[in-house]
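Both complexes below contain chain A, partnered by chain B and then by chain C.
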Partner chain A sequence: MNLLDLILLLPAAGFLAVLLLPRRNPGAARGVALAVSLAVFVLSLALAAPVWKDGSTMQFVTDADWIESPAIRYHVGVDGLGIWLVLLATLLTPVCVLVSWRHIDRRVKEFYAFLLLLEVGLIGVFVALDLFLFYVFWEVSLVPMYFLIGIWGHERRIYAAVKFFLYTMAGSVLMLACIIYLYNRTGTFDYTSLLAMINAGDLILSRPEQLLLFLGFFIAFAIKVPLFPLHTWLPDAHVEAPTAGSIMLASVMLKMGTYGLVRFALPMFPTAAREFAWWIVILAIIGIIYGALVAMVQPNMKKLVAYSSVSHLGFVVLGIFTFTQAGLDGAVYQMLNHGISTGALFLLVGYLYERRHSLEIADFGGVATAAPNLSTVFMITMLASIGLPMLNNFVGEFLVLVGSAQVDFRWTVFAAIGVILSACYMLWLYQRVFFGETPEKVREKVYDLRPREWAAAIPLVALMVWMGTVTKTFLPPVSARNAEILRQTTVNAEFLVEAPPGARGAAAEAVEVADAR
Partner chain B sequence: MMEQLWLIPALPLAGFVVNGVLGRRVSKAVVHTVAIGTVALSFLWVLKTLSALMPLETAHVERYGTWIASGSLEFALEFAVDRLTAVMLLVVTGVGLVIHIYSVGYMAHEGGYYRFFAFLNLFMFFMLTLVLANNFLLLFVGWEGVGLCSYLLIGFYFLRRSATTAGNKAFIVNRIGDFGFSLAMFLMVVTFGSLDFAKVFPAVEKMPVEAAAGVVTAICLLLFVGATGKSAQIPLYVWLPDAMEGPTPVSALIHAATMVTAGVYMIARSWPLFTHAPLAMDVVATIGLLTALVAATIGMTQFDIKKVFAYSTVSQLGYMILGVGVGAFGAGIFHLVTHAFFKALLFLGSGSVIHALSGEQDLRKMGGLRKHTPITFVTLVCAGVAIAGVPPFSGFFSKDEILLAAHHHHPWMYWIGALTAGITAFYVFRAIFLCFFGEYRGEGRPHESPPSMTIPLIVLAALSLGGGFLPVPHFLDPVFPAMEGQHESALVFVSVALGLAGIGVAAWFYVLRPGLADRVAASLGGLYRLVYNKYFVDEIYWAAVVRPVVGGSRTLLWRVMDAGVIDGIVNGIGGRARDAGRLVRLLQSGNIRSYATWVLLGSVFAIIGMGLAGGLR
Partner chain C sequence: MSQYYTSTDHFVLIPALMLALFGCAVLLFDFLIFPHPKQRKWLIVFLIIGEIFTGAGLWRQQSFLSSYGLNELTAFNGTLTIDGFALFFNWLFVLLSVLVAIVSYRYLEIENEHHGEYYGLILLAQCGMFFMATGTDLITLFLGLELTALSFYVMVGFLRTQKRSNEAAMKYLLLGAFSSGLLVYGFSLFYGLSGSTKIVDVADALAAREPGDPLVVLAMAAVAVGVLFKVSAAPFHMWAPDAYEGAPTTITAFLATGSKAASFAFLMRIFLGPLESARPTWEPLLIGAAVLSLFIGNIAAVTQTNVKRLLAYSSISHAGYILLGLIAGNETGLIGVAVYVAVYAFMTLGAFLVLVALRRRDLIGEDIEDLAGLMESSPGYAVLMLIFMLSLAGIPPTAGFIGKYYILLALIQTGHYTLAVIAAVFVAVAIYYYFRIVRAMFVSERKETAPLASTFGIKVALAVSGVLTLGIGIYPDPFLRMAGFSLIR
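What follows is the complex of A and B.
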């Protein structure tokens, strides 16, 4: 058993331990959850150094039989693509424990148990190398989130939870069908074996096969992202979820979709992916602009942030389907950025909710006077979110837009409109909530950050600055893995479609190299 | 050899961090000592560096590492000093230092003292990064950063809704400009594979003319969109007059002397690109000239003293843009320098007046102040003669060079520019006369400002008067392409005469024959109202852009598309599934015979189906 297995096992053990605690003692549940999640985070830090040195190969690999027939393996490992997402999940879990400390006051131990189970699922998704195992983790993460929303949510929580569940299930069933189809063709669920077969020419998927399989995976992932027009579950889920649920959902769960696209959909079905790229990019760009415009007119803070996620995730999808090094690097970086800055936004909105017991923007005003530190942290987070240079989002957006410009400059023009709009909705939000005279109710109820709240916010703010200035810490392993993925998208071109018009850079050259062979 | 250029911006950054973190807990004296101290050190470091690097015939470059690397693309952390940057460094740190000192007096009674100085220091950091950057990406970092500080400081009095709205407007309008700037960067990355000045500029030189024409013109026009935002040119100038909501030192430093000139600097910096795009140059020159004229006309009619100077800034920036647009890069930068002196002085002087009147900004409630605030009065007149282009004061030299270059480019540009010079002289002296002459029309007792405010005024007054003799254009000669053209003294006489005439008319209207101005305004009727209301540009933008976008997003996108169509379909699918369930439930009748019928029918269909699919084997 290596470190990675331990990191998967520990929260699972924590889940059971918390469940077995006596109900009378909610403090113990909090304590155990915090201790376990912090331990997992510290352990997961040790994954980073080896992966940083060599991001393109799988490390901490365990490959063991799980079920004899059908041949399902427990095959996990971490590389430059998964590492930061794993760390994101392990960082945000203790943050969520802290955030929920006072906020969650009923069914406390169940809450923390589900939170730890969610962590297992999320980490598992980012490290699974067996398609069936991936599917299992995918579903494992779905269940606790369903309960987090359905039990600890706001008034319309049942509607939101069911909508969330059905939407996601509709997609994942399609994905399961595709996974089983692949098994029937090849007799294995093992992803590395599948890629090896593709590389060796032992597995050649015909055009309709590739298109349909790609679509199956793609729809499952696109719902999770969520890509326009499959996004309407997201605002409802966010508004109704408790703060911790919103944070985990936005920061980590949405990345399951984009991660799946990069990890599985592109390398396995490269030609189909290229053929659909144009349409997907158009949806992504519509999402960028549409999400921002709809965010602009939301009267509810959480809905506003939720729609802004649709816009931000549009950048990620755009970056992925440029098939360029810069685009892919930017997309992965943007996944992390969005995790940090939108997670922080939900965290801060949660703080505001705890004080004023409202999410309506109109119920606020003048918070800057009542809670200057909270306002400062929100300001920094807002600036990160709208892509100010030297904060994290700028780097991701910049690379994505460079990548898209290398393929088609029109994409960049339209996507960059989203950058203008993001300033509009965030600044207007900030003005209405934080500036102006302080109304009576705000002055009475809104207090400044407390130590526990600082503790949850500081790591996120620090990461915004760190990721925005010292990209060298994070980008090299991602780049290394993405170069591999780009190379993989050029093999096994059963029906070769041309690279998108005007494609320059690594992808196009790699296609030529592959052709020459 | 390393000169540690990074210290120049890092010092104010340190001041920002110290004041930002500790400022609330320490005394005002500590706050402004830290803030002024770091800027002073930065200024001294600039002097030391420049004296070590003189004569600075080639750029001195320092590399600190890579910021972003992805595949073959690499964006460096690189600072460089050449003579252009040297001029900018001196202006930014020099004028910045003076304004920091002035702020101690001006802000003495204001809340949020530490916040003010922290933001001011942060601004210095970004502005110095902007001028030191050796590639477009780093320049963009400074560019966005100064915009952020501008937003924070315009909205400094955040209890006032008008202030925060003005801050938002500044940020968003600048974002539109930055949209252009960033697209220019992406186009450069695609075309040249780099954003380094040292790679892009030589590459343009080597490009064949036909290949360069389209893409370089596009890059230049997009860069210019950025400049119209930051340097407040038509059509994006609308944020700058509103920006006067900020404290007056901010108006002087950010919205007059330094930040708003960033667009001029950027165009001058990118001259190798612009000289390869004559079409873009023409656009730049025309927009600059038009802005100069339009803003000057608005300046004639405003009664808020800061608004007058704000439109004056827009107009003067128009001159600078005209200068770089006609290829007189050195002249544009020269005017940037002299303008930094006299416009900072105009704002600080008006700040001193406002301070004396405890916040009054309306010219109609001033008058006769020369007896109460003599130092402010004298220094403001110095600024006035400088901006009016009276020889031998600073504005005369720099404006004259721009106008001559414009004449060389297209004679009509000279004439409009000269006319604008007359209008400029008129509105500045209108403000001075309304403020300092006649009878005092307000309430309260005006008083002269403390020395921490008047000494900066005196320093800037000296620079405004004598700044024209600074050898800036000569110093910049090696940086920019040579301008041909001759000195035509007749043209110089015309523009000077127009300037003097402007002062004369102002004196006639507001000193000799008070009341005449109102009668003239009344006789002009609609035309006057049009100009007084700033040509209704804000109202047009609101009706044509803001309202449709917001309204459309609310009704069409959110209510109709999101809640209606998409969710309608999703819920519809859910509903249909339930209906289907209800239908299928009818089959479960519990009747054995009906089940048998279904089984039989099913088998028949299955057999037929298999037969069609290739037969039973």
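What follows is the complex of A and C.
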């Protein structure tokens, strides 16, 4: 058993431990959850150094039999693509525990148990190297999130929870069918052996096969991302979820979709991916602009942030389907950025809700005088989300724009419009909530950040600055793995359709880059 | 021992003999030895002893087969066959009967219908199931089917003073008799076509005929309708919701699991035996029935407010999934059928047992409303019910997922892609109604009710089904090996 197994096992053990605690003592549940999630975070930090040195190979691999026939293996490992996402999940879980400390006051024990179970599912998704295991973790993460929204959410929580569950399930079952089809063709669920087969030419999927398989995987991932027009579950889920649920959902769970695209859909079905790329990019760009426009007119803060997520995730998908090193790097970086900055936005909106018990923008105003520190933190986070240079989102957006410009400059133009729009809705939100007259109720109820709230916010703000300035800490392992994935997308891929000329050139470039390394 | 009753015959018959003997003995003991109502719990002990003897018989048969490396052991001149298939199902029946019997005590007390013959009928029904899974002769199979069905007609109407129970029994009896008639009509055609009642001979005779022979098609259709009724597959499912709702919940559990598993064993014996050669003719029929079952079962379940009715419709849709495994028909598919039937039995039994536990003097506990806030009042039951619901919906890592996985795998292996996609899509629909129950338990506010006072029997039975449902999902290997052993060779 290596470190990675321990990181998977510990929250699972914590889940059981919290469940077994007596109901009368909610403090113990909080304490155990915080201790376990912090321990997991500290342990997961130790994963980073070895992966940083060599991001393109799998490390901390465990490969053991789970079920002999059909050959399903417990195969986990972490590389440059997964490492930061794992860390994101392990970092945000203690943050969520802190956020919910007072906010969750009924069924406390169950809440923290579900939060820890969610952590298991999320980490598992990012480290599973067996398609079947991946599917299992994918589903495991659904159930606790359903309860987090359904039990501790706001008024329409049940509608939102069911919608969330049904949407995701509908997509993922088709993905399961595709996984089984692959197993039937090859006799293995193992991702690394599947790639080895593709590389060796033992597994050549015909074009129609690839198209259908790709669609099966893609729809499951696209619902999760969520890509326009499959995004309608997201605003409902976010608005109704408790703060911790929103943070985990936006920051980590949505990344399951984009991670799946990069990890599985691209390398395994390159022909189909390239064939559909043009259409997907169009959907992504529609998502960027549509999400931003809809965010602008939202009267509800959480809904606004939710639609801004649709817009930001559009960037990620755009970056992935440029098939360029810069685009892919930007996409992965943007996943992390979105996790940090949108997570922080939900966190701060949650703080505001705890004070004023409202999410309507119209109920606020002049918060800056009532709570200057809160306003400052919100300002930094908002600027990060807009993509101000020196803060994290700028790096990701810049790389995505560079990548898309290498393929088709029109894409860049449209995507850039989204950046402008994001500045509009965010600044306007800030102006309406934090400036202007301070209404009576705000003055009475809104107090400044408390120490526990600081503790949850500081790491996120620090990361925004760190990721915006010292890219070197984070990007090298990601690029190493991305180069590998780009090379993989050219292996045995038949370019039957007219790809935009730039795309082909970019793919060839990527191969050269990879070879040069 | 004569030539009509050899020692092999005896050896094969022991489990059924034990069941019949103990079944009859329970009826006698009820008023001879344990006349006082308080003593009826001893009947449960007696039933368990009977099951131990039955299990010992099965165990000896199994070790005999494995020590001599035999695939099967036939008796009575080929009318009974003990093979992996028969053993697998019989072990399942033993387990189900015991679990149903040990939870019945308190439930029947509350209903004021605690009578000794209840336990006798369980044993007799199981005796019929033995012949349904073990018989390789049309007459034996039919007798087994009827013995099971007759016992169930009585048990479904066991709550004599309740209109609902009487109505359910009457409906089940009338429709059941009708379907048995059709089945026997089909069997008579088999006999006419082959001159024998042994399924091996019938198989040869049918295989010798031209494909699409109208007589074969007629016989097949009659048999198929009869069998599809027994497994409650659409469009012959109409009796199921009423019978499930009206019957005592313990019997509903037994009907939905034991009777259904036996009917599927019966169906496999017929469709993979005499009718194997007619596969091209029955395949479209079963595909239609399977898809219709998925559709009707899943769609109708969405609007139900009574949990027993909801589970009845869900069991119709599960019948559809099991039929899909048979349609795929390759090794994976047939293992899948065995896996699915067993897994289905464990999780459905568990779900009904939770309802049994919910029954209190002042509360029937069958509506989704009655489950509201169960997580607060009795978290243990709520978590178990959650496991059963997740499993019924087919979410990993539960047993139900393993079952669905096998069916999907078999369909894809045999190129039935459209069916695989249909099966997959209905999983998503099913989530909706199973989660209505979960929602009621975990999300809805608790109603002011007395806490559950459960008995030792209910706790044991729930623990067993819970451990099996979760255990098979997490570490399915041993169970899958057992199911693999059950293939009809």
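Note that the second predicted complex is superposed on the first by the 497 of 517 C-alpha atoms of A that agree within 3 Å, B and C clash if a C-alpha of one lies under 4 Å from a C-alpha of the other, contacts with A are read in each partner's own complex, and residues count from 1 in each chain.
In this text, a residue touches a chain if its C-beta (ideal position, glycine included) is under 8 Å from a C-beta of that chain, and two chains touch if they have at least 3 such contacts.
Note that the structure is a prediction, hence the values are computed from the model and not measured.
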Partners on chain A (chain B, chain C) - clash or fit: clash
State whether A:Val465 touches chain B only (first), chain C only (second), both chains, or neither. neither
After lining up the shared chain so the two structures overlap, which partner does A:Leu3 touch, if you call chain B first and chain C second: first, second, both or neither? neither
Touching partner for A:Ile67 - first (chain B), second (chain C), both, neither: second
Of the partners chain B and chain C, which touch A:Tyr181 in the superposed model: first, second, both, neither? second
Which partner does A:Ala28 contact after superposing on A: first (chain B), second (chain C), both, neither? neither
Looking at A:Val143, would you say it contacts chain B, chain C, both, or neither? Reply first, second, both or neither. second
Can A:Gln406 be said to touch chain B (first), chain C (second), both, or neither? first
Does chain B (first) or chain C (second) touch A:Leu43, or do both, or does neither? neither
Would you check which partner chain A:Leu166 touches, where first means chain B only, second means chain C only, and both and neither mean what they say? both
Which chain A residues lie in the overlap of the chain B contact set and the chain C contact set? 166
Of chain B, residues touching chain A in the complex: 24, 65-73, 137, 140-141, 144-145, 148, 151, 155, 158-159, 161, 164-165, 167-168, 171-172, 175-176, 178-179, 182-183, 186-187, 189-190, 549-550, 552-554, 557-558, 561-562, 566-567, 570, 574
Per the contact definition, I'd like the list of chain C residues that touch chain A in the complex. 375-376, 379, 390, 395-397, 401, 405, 408-409, 412-413, 420-421, 424-425, 427-428, 431-432, 435, 439, 442-443, 475-477, 480, 484
Residue numbers on chain A that touch chain B, as the complex places them: 163, 166-167, 229, 231-232, 290, 293-294, 296-298, 324-326, 329-330, 366, 368-369, 372, 383, 388-390, 395, 398-399, 401-402, 405-406, 409, 412-413, 416-417, 419-420, 423-424, 427-428, 431, 434-437, 469, 471-472, 475-476, 479, 483, 504-506
Using the touch rule from the top, collect the residues of chain A that touch chain C in their complex. 23, 66-70, 107, 110, 135-136, 139-140, 142-143, 146-147, 150-151, 157-158, 161-162, 165-166, 169-170, 173-174, 176-177, 180-181, 183-184
